[in-house]
Every structure is written in structure tokens, then in C-alpha cells.
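Two complexes, one shared chain (chain A), two partners (chain B, chain C).
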Partner chain A sequence: MDIFNPVFWIFVATTGGIYTIMALGLYVQFSLAGLPNFGHVAFMAVAAYAMAILVARYGLPLPVGILGGLVAAVILAILVGVPALRLRADYLAIATVAGGEIVRYLAMNLQGLTGGPIGSIGLLGPGKIATFNGSWQVFMGDIAFYLKPIFGKYGRPDTAMAIVVWVFAFAAILVLWRMERSPWGRVMQGIREDDTAVAAIGKNVVGFKMQALIIGALLGAVSGMLLALQIGVFSPDDYQPTITFYAYLIIILGGMNRIWSVPVGAILFTLLYTGTRFLNVYPLTLFDSGERAYLRLFLVGLLLVLFLAFRPQGIFGDRRQILEK
Partner chain B sequence: MLQQLAQLTINGLITGTILGLTGVGLTLVFGIQRLANFAYGEYLTTAAYIAFIANVVFGLDLVSSALLAMAGGALLALLLHFLVLKPLRGRGLVAMSLITVGLGMMLRNVIFLVAGPQIRSLDIDQTRVFDLGLIRISPGQALAIGIAIVVAPAVALFLSRTTIGKSMRAVADNRDLAAVTGIDVERIGTYVWLLAGALAGIGGVMLAIVQGTFNPNLGTQILFLIFTTIVLGGIGNAYGALIGGVVLGLVMELSTWEGFAGGLEPRFKSVLAFVVLILLLLYRPQGLFGKERVL
Partner chain C sequence: MLLKVDGITKAFGGVKAVQGASFDVKEGSITALIGPNGAGKTTAFNLVSGFMRPDEGTIQFDGRRTERLSGHTVARHGLVRVFQTARVFTQMTVLENLLIAARHQPGEKFGAAWLMPGRTSRREREIRREAEERLALVRLTHLTHERAGALSGGQRKLLELARALMVQPKMILLDEPMAGVAPVLGEQLMEHIKELREKAGITVLIIEHDIDLVMSISDRVIVMDEGRVIADGPPDAIQANERVITAYLGRNAGAAA
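Showing the complex of A and B:
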């Protein structure tokens, strides 16, 4: 695939939008409330599985499945939050990774519930092929029908998906942008800078942190379900622990404390990610597709280190407290 | 059923020693450098691959290979300390944790690129089994037991009897107090990385021979068990880590014993460990043996 192929760019747009929503969730938890959640991916995985199980196994309509996914993510947020929110930053980081790993191990090993390592296709047990995104594809097809006059031959279901994803992403950004400038947002900022001081003026710090965790979990859940709907068949491996750190890189790339730089960071990250996957230009041609996966993850690690070392405020951000604690 | 109990006890002791030894390194670094090192798993992996190159590619015997792996692990730890982690010190807990996450991803994927994703094994006869009546052990396990019998007491003696060992524990326990008594905190910090790297090295080799086969995810898979170990023992507490490792290893293995209402399915052992980790962080963040104090 080459850079001039619109299909490539539609893919970049969709993936970038999904990553934007994922990173917005982390933005609320980390940039806003100062919670270093190292297991964000667990919210994505739990929601995707809850949705797929409700739809594929119990034959419920997709909107009910999506609702179920959101509920599952909130329950997980409460389960993780009750113990974790009282911990110091680095202990919180360890505890949240452990929480994320529990989810992944359970998804891998509770074959009866999740289909195990083979993923969502095995939800109905061996020998049967389970699908959960049929009605979603019909929905995308319907939208594509209205896009035809505008986009011509690119008025396709994947264009529709990209548009749906970005409409949601921008709506979320607008809402969060307003929230950040509300009294609620100022309390969050206070908690991030000095939670003892905020507690001293009578605010329920743990309660506010829990709110941030739940809002972040809901956004994570939406991105996880969109990812599942985009790829159609997913397995525990699509929700690797490293995905959490994609979200960190996205936030850091754009600029730590600026919500509008989250989509920019997400697009930059997606270009790096999909570019190294699909583009056949030198020096990428030196690596086969398997090796490129490792190269890609190596680059993610390298960028994390370089940005945190030399430009922790990101490309656009200004230097503030968040990483100094 | 008794036979299974004996077998599980041995397995638990072996896993526990690996967790304990690597835990000593991770916990001292946490205590002294104030750093949750998320790249530590990759130190184990790197060492296992160094042993693989020495043992399988160059045909050295296992003991020399293990020694080389220890040296390699120590060198890697020192390099990362002087090139990356020391210059960046003071960036804050979360930034430093994220940096070690990034370093871990870099190391792991370099190993994937260089060594490939295929499973490897050290040159040890995996087909033979020593039948000791009640229990059966593989040559890999026997070797791991041998290493454990030598290394674990050596580490304990080093920490309790030598000046450097005592200084390490002192700095990990209370940095300022240690500095006041004239301990060169900076120098001890460097020695701690050497020790942590060497222990990761021996741990990586032991893990590789006990499992039989390994791939570049070797260390990542066990990292959070090591974190659980050091939280069990109390962060910064070296003896605690040794004991915590053995306790965790035994608990994980024995939980699968049929005597306990049929036993837990082995594949849920890790889930059990992670639940233990979260519960500990919640109710006893100072560890099993630590005194209550604010973290």
C-alpha cells in the first residue's frame, strides 16, 4: 500500500480516532486527576468482551451490548479504584498493571466465557463461528449510502466508520474541555497538584479521583468496543498491556495538559504505527512484516524515553507539575 | 495426593527461589534508587539469551554460561544506570516509571529482532527425569536447586556480613540516616545496580532451565510476580524479598493441590498472585514483615 491510496488514509483516520478516544480516557485519569493508570487497556478489553458476549451468545441487540460494555467498565473501575486510589503514585501504577493482567489472564483462560486464546470467534464454543458486529456493519452500510453522493466511490462503510469515530471523539473533547474549565475541573487540577491541600478545604479527594477513574474507564470502554467493531474478530492479544503505553505516548507526544493536542498526538502516533506496518519504502523494506511489529514497539519505547527525557511537555505543551511529583 | 503435595512443594521452592533472588535486586533498587523498574524483566531475558549464546552457539558448559549471563546482566544494569536512569533522576516517580517501561519495550523488541520469536532452550537434557520415590524432578530443576543452594545463602550472607551488604540495607531502609553515618550513598547505589543485574542474570538462567524453553517474553511474564514478591516482603527489605519469594512460590504451587477442595486450576495461579498483590497493597503495603509506616 502506498501513501497516495485513500484507503490507507481512511484506515489511519479511523484508527487515529479510536486512539484519540482511548487517550482521552487516560487524559482524564492522568493529566486531569494525576492518576497514573498503567492498566487502561483493561477497560477496553472488558467492555469489548462484555459487548461481544451479550450480542453473540445471548442474541441481544448491539445497543444493549454496548450498554453492557459500559457497565462492565464502570464495575471494573470501581473494583480497581476502591483499593488503588489510596496508594502513592508508583504503587498505584503497579496495582493497575496487576489489575489489567488479571483481566487478560481471565480472558485467556476462561474459555467457556470468552472463547479463550482464539478470541471472539469462539464465543459459541468449538466448531461454531460467533459474530457480534453484523448490525454494526449494516448501520455503517446505511451511513455509507448517504455518503455516496459526497465521497463518490469512497463513500464506503469504512469511511462511515471513520466519520462516526471522529464525531464521537470531537464530542468527547468538547464536553471534557468544558468540564476542565468548570469548578469540577479546578478541583481536579487541585488534586493533581496537591491532594492534601484539596482535602484540607473539605473536598472528598478519593470521591473525585473515583469520578475521574470512571469517566476515563467509560472513554476507554468506548474505544475498546470501537476497536472490536473495527477489527470484527478480536482476541486477548488485541488488548496487550503495551496498548496502555500507546495512550501515554499519545498524551506525551501532543502535550501533557492540553486536551486539543490529544487528537494531534493520536494522529502522529497512528501515522508512525500504521506507516511502519503498511508502507513499503526504504529502510522499512529491510524488515518483513513480523519484524516490523517488533520495530514498531521498539520505536514506541524509544519515543517514550526520548520525550520523557528531553521534552516531557510534548510537542506543543507547556511545562507543568504533572510529571515532577 | 501426598506425592502431589511433595512435588508441588519442590516446584514451589524452585519458583520461590527464583522470585526471591530476583526480588532482592528489584527491591533494593526500589529502596535505594526510588525507582519502580518496569524494565527489570528484560534484564532476565537478556541474561537468558546471553547464556543461550554462550551455551548453545559457542558450546560452553552451563555453569560458565550462567556466570557470563550474570556478568552480562550486571553490565546491562550498570549501562542503563549511567547512560539513562542516573542522568534523568529527579523526573518524578511516574515519569521514571514510564521511562523504564519504554526501556523495557526497547530491550524486549531488540531481542525479538535479533534473536527471533522462536522458542529456544539451553543445552540440557529435557527428556530425562530423576525419580526420587516421592517426587520426580527434571535435570533443569535439579540444576536450579543446585544453583539455589549455592546462591541464596551467599546472597543472604553478603547482605548480613559484608560492609557493602549492610550499607545497602541501610540505604534502602533510610537514605538520609545512612548518609549521615558516612555511607557513600552514590557508590552504594552503583553497587546495588551491579547486584540487581547479576541476580537478574542468575534468575533469568534459572527460569530458562526450569521452564525448559523460552522466548523473548521470558522476563516480562514473570515481572509482576517479582513485583508481588517485593511487596510481600516490604519494599526495600532484602530479606523480606527472599522470604516473600519463597512464600509466593509455595502459595502459588500449593493452591493447585487437590487437598484444597480439588485445588485451583494451574492456569489461574498467576491470577491468584495478582489478587494477592492488590490486596497487599491495600491492607499491608508495608509487606508481611514490615512495621506499619506511611508510604
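Showing the complex of A and C:
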């Protein structure tokens, strides 16, 4: 792919939109309610697996699979939240890291259910190739048919996917943006600042935190399923803990407490991440392409550190909000 | 009796902070809880307000057993606490600090901003009026839209008191309200506390170290030492109580006297 090919940019747009939805989930939990969730990727993984298993193994229609994915993410949120939300925030951080890894290791080792290390292809056992996104592709194809008159030769299924993803992302932002400004959002802000004080004025803090955890889990689930549907195959390796930190980087890039900066952060991150493959200029060509692929991980880490050190409020954030007490 | 505390005990590891304390608070009274450092006063507050669970004993507030309830439920029943170091929401404005504390805002339910915008904004207007009245009462109106983080320690205490009143309590627990407050604001705070009882009929339980102040405003004084209640009575009687003098001045001084 070269940088002037629109297909590449459609890919960037789709991925950026999916990352936006993923980071929105973390935004609700971390930026809004102050819950440090370091296992966000687990909600993505659980939903993608639940969907793929229901469709590929049990032959259920895709909408049922998607519903199953959402339910699975909510169950995981409750399993993590019930014991951990009553404790201090640091315990939630530990519980979510552990939860994320447990999910990944289960996916790796419950071969009979998940296909094991080879991932979704192995869902039907050895010798058979399992697919789960057939009807999604048909659906995208149908939308693409109507896009043809507008986009010409780029009225393709992947353009349809990009549009579907962004329509969902913007709808989610709009809903949350208004919620954030409502009395509900005010209680969330109070909890972020001082949950003991919020309890002292008679609000059910654990209940509000559970709401944030579940909403975040649902958004994570949607992004996880969209990612799986976009690529068509996935394995436990696609749900490494680093994905959670991509979500953090996106939030920090844009500005911690600004919902409209989430899509900006997500697009910047996607450009950075997919853009590193174009770093094929001297002296970087001294490394082979496989080694250069790791450069992006260095870049992600470096950026995270630089931003936190020099611009903790992100691109759009208000520095006072982060630093003053 | 509005509050009846019977034989509550709380241990942290090997340390028994409260060991079998019993006391009552009469409706409409200002009752002071005093005692030397480490007597267990703040722990008793935490137990009464539901922020900690007693190991043993019962607590009854307004005819309800509350020792197993969580802090926010106790607050909803009308027993609201104010913290020793004011816990205002520093990132919010002074007004928002009060708005958040109001009860019965349907807009606090998830999705309400979309599903019932009318009821939410109607209630929001009522709450706002109430908050503005409370701010006028504690004379913070000029700071309405200031960030609470910019307030002085004394102003924060006034704000927290106003915030507690937004919950419409029957009884309020004040943990050392005068600590770290400039004298002028302290006097104002004291007046407010008296007014709470006289005008709003709110019962007050107060932890305070300034003995003169305690004697001047309270109807009754409860004295704790080493996790137990050692005296309980009107201010004059307490001042003359030998066990209290011993507890405050130390055992040797008490014996010498």
C-alpha cells in the first residue's frame, strides 16, 4: 500500500473510528468516573469471542452473536466490579489487569471453546476453517451498493464499514456528551474528585461506578466486535494488554477530560500507528521491516511519557484541571 | 431520642478504638462529643454515619436500625456528616458543589438527560433556587461561580455545611468544625450552627476541642476516653466531673488534685 492510495485512508478511517469507540469506553470509566481500568482489552476480547463462538460454532445469526457479545462484556464488568468497586481505586487497577490477562489466557487454553492459540479460524476444530463475518460482509456489500452513485469506484464494502463505524462513534459521543452535562455527569465528576464526599451526601457511589464500568464495557465490546468483523480472523494475541494502553494514549493525546478530543486522539494515534510502516527512509532502512514494526511500540511508549511529562492536559485539555487540587 | 447508640465496638487490628460506647442524642439538641486525642470520637462518628461498620453494638436513628447500612443510605435517612478537613469538590464551582448534593433529581438516573429532559430541568431550577438561598445564608453569594478550589479553609467549611444542608438532614454530625478556621469565619460558623437548631430544627452532634465554645453552645456534653463514654450530662455538671478532669489532665494530675 502506498500513502496516496485512498484504500489506505479508508482503512485508517475505519481503524480510527473503532479506536474512537474503544477509547470512549475508557473515557466513561477513567475520565468521567475516575475508574482506572487497566484491562479494557478484556471487554473487547470477551465480546469478540462470544460473538464468533455463537455464530461459527452454534450457527446463530450475527445479530444474536452481537447481542451475546454485549451480554458477555456486561457479565465480565459485573464480575470484576462487584468485588473491586467497593475497594480503593488502586485495587480496581490490579483487578482489571488480572481480569484482562485471565481472559486472554482462557482464550488461549480453552481450545475446545475458543480455538486456542490459532484463534477464530480454529473454532470448528482441526481441519475446518471457521468464519463468523460472512453476513456482515454481505451487509456491508448491500450498503456499498447504495454508496456507488456517490463514491463511484470507492463505493466499496470497506467504505461502508468506515461509515457504519463513524456513525456509531458520533452517536455515542453525542449521547455521552449530553449525559456528561446532566446531573448524572455531575455526580460522576464528584465521584472522580472525592467519592467519600459523594457518599456523604447520600449518593450510591458503588452503583454509579458500576454504571460507568458497564457503559465502558459495552463500548469496549462494540469496538472489539467491530475490529473482529473488520479483519475477519482474530486470535488471543490480538488482545494483548498493550491495546488497553493504546486507549489510554488516545485519551491522553486528545486531552483527558474532553469528549470531543477522543476522536481526534484516536485518528492521531491511528496515523502514528499505521504511519510507522512508511518510515522506510534512511537510516531506518538499516533495520529490516520486521524490526521497524517494533518501532511503533517504542513510539507509542515514548509519546505517552512525553505527553505526561510536558503536556499532561493533552492537546485540547485544560492544564489547571489536571494539576490543581 | 433521635439517635441511640448502644455498646458499639470497633477494633483496628489489635487497637480497640471504640470499646462499648453508648450514648443518646435528643431531637432538637446541640450535643457535644469531647475527649482527649485518641479517645475514639472520630471513629464513633464514622460508625454512626455508616462509613464504618461496628464489630458489635447497635445504632438506631429516627426509629431505624442503621449499624449495617452504608454511608450513603444513612445520609438519605437524614443523618449527614461534615468532615474534619472540608471535602469540597475543588474542580466544581461553589454553586455546583451545592447542586450535586440535592435530593430527588431524576436527572441523576442514567439516560434521564435524554429520556426526561423536562422533569430534569424543572427540578434543576428548583435546586438552583434552593442552592442560591443557602449560599446567601452562609454569605458566599459573591463566590457563586468561583471554583471551590480557590476558597480558603474557612470558606470551604461554610460551603461544606451548606452542602450538607442541601441533603435536608434531620441531624448533622460536625467533626471539629472550628479547626483551621480564621476567628471571624469561626464566629460566623458558630452562629450558623445555632441557627440550624433554632430555625430549621436540625439536631447537631459536634466534636470540638475548644472547651469554652463547647460549654457555650451545647445543651449536653458526652465525654469519651479510651473508647468509652465516661461522662454524659449538661455542661456545668461535666465541667465539675472528676473523671473528666482526670481524663483531660492525666491520671497523676487528677490524683494529685
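What we mean here is this: the second predicted complex is superposed on the first by the 308 of 325 C-alpha atoms of A that agree within 3 Å, B and C clash if a C-alpha of one lies under 4 Å from a C-alpha of the other, contacts with A are read in each partner's own complex, and residues count from 1 in each chain.
The rule is short, and it goes like this: contacts are C-beta pairs under 8 Å (C-beta built on N, C-alpha and C of every residue); 3 or more make two chains touch, one makes a residue touch a chain.
Everything numeric in this text was worked out from a predicted model, so none of it was measured.
After overlaying the two complexes on the shared chain, residue contacts for A:200 are found with chain C alone; chain B is out of touch. In the superposed model, A:67 lies in contact with neither chain B nor chain C.
More residues of chain A are touched by B (comparison of chain B with chain C). In the superposed model, A:91 lies in contact with chain B only, and not with chain C.
Contact with neither chain B nor chain C is seen for A:124 once the two complexes are overlaid on the shared chain.
Legend: residue contacts after superposition of the two complexes on their common chain; A:211 is shown touching chain C, with no touch to chain B. In the superposition on chain A, contact of A:271 is made with neither chain B nor chain C.
Of the two partner chains, neither chain B nor chain C is touched by A:75.
Residues 324-325 of chain A are contacted both by chain B in one complex and by chain C in the other. Interface of chain A with chain C (complex): residues 175, 178-179, 181-187, 189-190, 193-194, 196-205, 211, 215, 321, 324-325. Within the complex formed with chain A, the chain B residues making contact are 36, 84, 88, 91-95, 97-99, 101-106, 108-110, 112-113, 117, 224, 227-228, 231, 265, 267-268, 270-271, 274-275, 277-279, 281-282, 285, 295. The residues of chain A lying in touch with chain B in their complex are 36, 38, 83-84, 86-91, 93-95, 97-99, 101-102, 105-106, 108-109, 242, 245, 248, 252, 290-291, 294-295, 297-298, 300-305, 308-309, 312, 322-325. Taken together, the chain C residues at the contact with chain A in this complex read 49, 51, 70-73, 75-76, 80-83, 87-92, 96, 99-101, 103, 105, 107-114, 120, 124, 149, 163-164, 166-167.
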